[in-house]
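Report on the structure given below.
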Amino acid sequence: MTINGEGGSHKLATGIAGLDGLLDGGFSPGRVILILGEPGSGKTILCSQYLHYGATKEGQKGAFIGLNEPKARFMGEMKALGMDFEKLEADGKFSYIDATEVKRIPEQAKVGRIPVGGRELGLVNLIDLIQEGMEKASPTRVVVDSVSDLIFRYPNVEERRPVVLDIVEALQSASATSLLTSELLSTGESRELQPEEYLAEGVLMMRTLSKGTRSIQVRKMRGSKIDTTPRPYVIKGGGIEVYATEEIYEHSGRG
Amino acid sequence: MTINGEGGSHKLATGIAGLDGLLDGGFSPGRVILILGEPGSGKTILCSQYLHYGATKEGQKGAFIGLNEPKARFMGEMKALGMDFEKLEADGKFSYIDATEVKRIPEQAKVGRIPVGGRELGLVNLIDLIQEGMEKASPTRVVVDSVSDLIFRYPNVEERRPVVLDIVEALQSASATSLLTSELLSTGESRELQPEEYLAEGVLMMRTLSKGTRSIQVRKMRGSKIDTTPRPYVIKGGGIEVYATEEIYEHSGRG
Amino acid sequence: MTINGEGGSHKLATGIAGLDGLLDGGFSPGRVILILGEPGSGKTILCSQYLHYGATKEGQKGAFIGLNEPKARFMGEMKALGMDFEKLEADGKFSYIDATEVKRIPEQAKVGRIPVGGRELGLVNLIDLIQEGMEKASPTRVVVDSVSDLIFRYPNVEERRPVVLDIVEALQSASATSLLTSELLSTGESRELQPEEYLAEGVLMMRTLSKGTRSIQVRKMRGSKIDTTPRPYVIKGGGIEVYATEEIYEHSGRG
Amino acid sequence: MTINGEGGSHKLATGIAGLDGLLDGGFSPGRVILILGEPGSGKTILCSQYLHYGATKEGQKGAFIGLNEPKARFMGEMKALGMDFEKLEADGKFSYIDATEVKRIPEQAKVGRIPVGGRELGLVNLIDLIQEGMEKASPTRVVVDSVSDLIFRYPNVEERRPVVLDIVEALQSASATSLLTSELLSTGESRELQPEEYLAEGVLMMRTLSKGTRSIQVRKMRGSKIDTTPRPYVIKGGGIEVYATEEIYEHSGRG
Amino acid sequence: MTINGEGGSHKLATGIAGLDGLLDGGFSPGRVILILGEPGSGKTILCSQYLHYGATKEGQKGAFIGLNEPKARFMGEMKALGMDFEKLEADGKFSYIDATEVKRIPEQAKVGRIPVGGRELGLVNLIDLIQEGMEKASPTRVVVDSVSDLIFRYPNVEERRPVVLDIVEALQSASATSLLTSELLSTGESRELQPEEYLAEGVLMMRTLSKGTRSIQVRKMRGSKIDTTPRPYVIKGGGIEVYATEEIYEHSGRG
Amino acid sequence: MTINGEGGSHKLATGIAGLDGLLDGGFSPGRVILILGEPGSGKTILCSQYLHYGATKEGQKGAFIGLNEPKARFMGEMKALGMDFEKLEADGKFSYIDATEVKRIPEQAKVGRIPVGGRELGLVNLIDLIQEGMEKASPTRVVVDSVSDLIFRYPNVEERRPVVLDIVEALQSASATSLLTSELLSTGESRELQPEEYLAEGVLMMRTLSKGTRSIQVRKMRGSKIDTTPRPYVIKGGGIEVYATEEIYEHSGRG
């Protein structure tokens, strides 16, 4: 695998119907891509489809570093969408790294007898979990879902930025292609840009517009020709499906 | 009851005319769903209909953990809407857990001789009340109405987030399907997303748009195919009725 | 009088032409209703008409707890609008409780030799005035005009909320139907919701839209079927008149 | 003069062509009216016309309490607009009270040997100047132009509010009809309401809309039937002229 | 020269094609006028044309107090636009006062052995430079470009206001007609008004609208009849040219 | 090379198809130009094309001071776009100055035994790197990509401004023409202006509008006649291409 390879020929298909077309073939290997979305937009589903596709169609190992929910809950939810990660795990194609404790670390903690800020400890723990997961499983596809609980502990953007950077760089140093989910802070057209949008190498934004249309937009993808038009998508029984040639008919300025 | 079951066949009908259609049959068992609404949007009514339907039509026990108003007032108001919770209570189908004292706990309090922050005590008390209510009544349907008084005591979003998380997890650990109400912080299309929208597993948003139309939107529902189109609804003598096939005709961007 | 009675038959007519129709007959007895309005929208006039109608047409005693202006000024202004509260007072149908001193209490004060926060003292005083007024006059209709001076002394919303709650509960504990006025903090469609909108049991909002049209909207009314459409109104020689069947023709999103 | 008289017959004509019509005849005696305007909207000119008209047409004494500019500058500017206040002063019909020092009082000051906050001293000084001016000249018409320098020294709205209240009440206690100018804090339709809009008994708002049209709107006037439609106006050689029957043709939502 | 003279006959032509028409002939002598503009709107060019015209056409001395750039850079840039200030300087018609050090004064400084706030020192220095420049050169036309670096050192508006006032008054006390440039803080229609807009006696606002049209608007001019319509302008080889009879065709609400 | 030369004849072609036309021929020598853009807008690509064109077509040396990514990553990404900087480096036409450590300097650091703020140290380091790079390579074209990590460490705009100024002046003192990239803080039409927009001598803004159209606008360019109309652009295999004669068809107010 080439970390900096940009050619369409080496790209990783996303496994989401319609999405590869917007991405000129898929994700470039070695990249760290941000999945930024509103509540209920399907960030976790998109990431799971990415891993599931790689494991079942491409024979690529996947790792899911879950900060939001324990393994059993994740497994159950994805099974309901037709993705059997238990089987993939048994086949050595998937590993679930439970990082839910990261968000539970208190503000004040101790390492041995040395008091440390709990927030910093949480970050260190997450990065350790990422690195351990990488070493043990050598995955081709990695998901971190989500960093919001961790980064929202830092109230100021100047503190939040280096935390995001540390996570992005930990993922970059591994030879995998990673998706990182994060929560959109506000609805509507005019919004403050979030530091992770700048620090990640690619950005997909998932929103529910005012009339209920779901919209996905590839806003950034280093080294790829992309279609930046927002496109409608649905979440069906088998997961996300993007209508890659349709336009958003409702005024997209009012999401 | 299966906590992670996602099939439409196991869903709990909401008891609100028209709403089940938007939810692909109702609420999935074991979920914690946020009812986020403007003042006067009928959050409490919706929750009560949910409990009343379960008790009268499905024989499912319900529990209402009320932080806003004492039992008598709740009972009276719902009776006026045709829901006789006193009778259901007498039949062992309903229990009202009065949690109004939670919001009255002062900022500084003592547990024995140990001073503790009153806010933290309020949270601990609520979670205790939830757990006691669960153990004693073993309800299938639970309502917590509302968490706003508790969470608005935390001025910063980074403090508010773990409080919401604690409540959501307390509800998740019980084998019930729970509704949690919360107050929308602002009107209009462009707004800051609230942490509870991310932490709950489902979100229904209830608003009064600028020309007076009431609008309900299923914005999120883990594990369910949903209709995210905002739909008009009315509050009539018997409670809420959703016009599940109508669109909002006024410009919905101006709620 | 039934505190929780919701039937239209027991409702209190507002005394404002056109308004009862939006309220399904009037205000439900025992309720605490917020009159939220812009400067000059006629909040005090609406409240006075409510008291005057009750006293002259229904024989119901009324009490006006005035924080904004002394009795003589209130009496004079209402007389100019054709409401003779001096006569009603002489007839034992009206009492004016002067609470203007509440807003004058300094930030630091002493109760005996104990220093207390002046803000808290102001709140305690207002609640005492409310309770004394209730005990002495046993009014059916009560007005508190306005709570803004008191609550705006609390800069943060998490402090302001319990203050509003204390006032609302003081009014709820009396067997009267109360109107509470408060000032809208901003113009326009997108605005932060104010805690009193959630804590009161009903909300009427009065605004002056951008082209000068006056608009009244019933946004909330626990236990009543309401018409939430904003309606135009005028302030004429005899007070407020609502055009309950007319729509706002100018774009109401730009108030 | 009747302080609370509301009849049109006793009203004070404003002296501005077209404006009396919007005010149902003029200003009611004894009132404190806020002239709230954008930069360059002509607040000072409007106030000067009010005083000049009273002195020359009605024989009413006027006083101008000027915080913004020294007497000579005021006199010169108004002369250029055809208002000879020097002559009126010589005739005993006008007095100029120079209050420019009020805004120059430093943050920390001493009264005798007691250190006091300079802001508070500034407020006390202004109120003293108002009261002295009232006693000495017994004016019928009073102008305070402007309070912005004083009130903007208080960064928080909860501090600013009692300052405005003190000034309004100092003016109310005199038997004059007073105009108080203040600066609008922001342009556009959606804006935070300023405390002086609530505390004054009348509000005139003067803006320059986005296409350059000047707009005046009577937003509030206790005890008067008013026309709240915004109307175009011009500043000509002789001062302000309001087109009281014309509408604002440009979208007024974009001031 | 008359400080308070307002007649069109004594006005100073601006030297910018088309602009005098909007100003009823030019700037009134003795005034302090704010040139408020977006980045790249041509504030410095406008001011230079004003000085250049006065020196070459009216024989009026000019002084440029430059806080942004050293003399050589200014001279070079203006020469490229066809304005030879070096020649004017040699002829005794122009002086450049380098005030770039003002913005370099550190936050903490010492006057002799007395520590003083650097911000205050910067202000004192600027005012000294203004007064020295006035005494030495006795200019008829003065430019201060720009005050932003100085005033943005004061984070709060209540601190910024007296600083602006000091500068405006220093300029007023000289018998010149002064232009003062400042930076607009935000784009778009709805914006917070800046204190310098109120404290200056005239305001010209220069913006680049969303479709790229440059727009100049005379928003305020004490003692002058002005055309407040925003007008398009261009920056050409010879400087700024205003199309004084054209309207802005794009929606001006979206600058 | 003339630092202040403004004539089109000496301008540096940008190397981006279509862009020189908007700039009246290219960038003026000696200028510091800000490339302000949204995430994924292609700021780094634009800058690289500028250097690559100079080196391959004009024989001008270029230097890239990279704060965001290490040399190898930069080289690889640009190669994928057809720009072989390794070859240019071997030919002595290009130097990459790795400044990624600048953003890694901790908040607290020591110079010898003297504790210094890490932020200040980061700034000093960057300026040292700029000056060393200038001395060693004597480049004609310089890029600093990006300053955001450095300047966002300063939470307040009054602190951020002098930092930007120091960087701009360090670049100005060299006899090169420099591009400086920075991140746009928010989307949409109404936004706060950033200090670097005022302090740089030219500004190009790159955005992705709501319907996905990419838009580039020359907002400022000292000493040049520019076309300020926003123009669509694409990122293709060979880099950025601007459609210099096309207009943005979607409502550009909703970026």
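So that you can tell them apart, the chains are marked A, B, C, D, E and F in the order they are listed, and the count of residues begins at 1 in each.
The rule is simple: a contact is a pair of C-beta atoms (placed from the backbone, for glycine too) under 8 Å apart; a residue touches a chain by one contact, two chains touch by 3 or more.
Quick caveat: nothing in here was measured; it's all calculated off a predicted structure.
K.L.:
Taking touch as defined above, what minimum step count separates chain A and chain E?
P.N.:
The distance in steps between these two chains is 2.
K.L.:
Looking at chain A with chain F, do both copies bring the same residues to the contact (over half shared) or different ones?
P.N.:
different
K.L.:
Rotation angle for the CA superposition of chain B on chain E, to the nearest 5°?
P.N.:
About 180 degrees of rotation relates the two copies.
K.L.:
List the centre-to-centre spacing of chain C and chain D in whole Å, with centres computed as mean CA coordinates.
P.N.:
Those two chain centres are 29 Å apart.
K.L.:
Can you compute the centre-to-centre distance for chain B and chain F, using the mean CA position of each chain? Integer Å is fine.
P.N.:
Chain centres of chain B and chain F, defined by C-alpha means, are spaced 51 Å apart.
K.L.:
Counting only residues that touch at least two other chains, what does the list for chain A look like?
P.N.:
189-191, in rising order.
K.L.:
What part of chain C is in contact with chain B in the complex they form?
P.N.:
3-7, 156-158, 161-162, 165, 189-193, 195, 197-198, 200, 202-203, 217, 219-223, 225-230, 247-248, 252-253
K.L.:
For the complex, which residues does chain C have touching chain D?
P.N.:
Those residues of chain C that touch chain D are 38-41, 72-73, 76-77, 80-81, 103, 148-149, 152-155, 183-191, 208, 210-214, 235-237, 251, 254-255.
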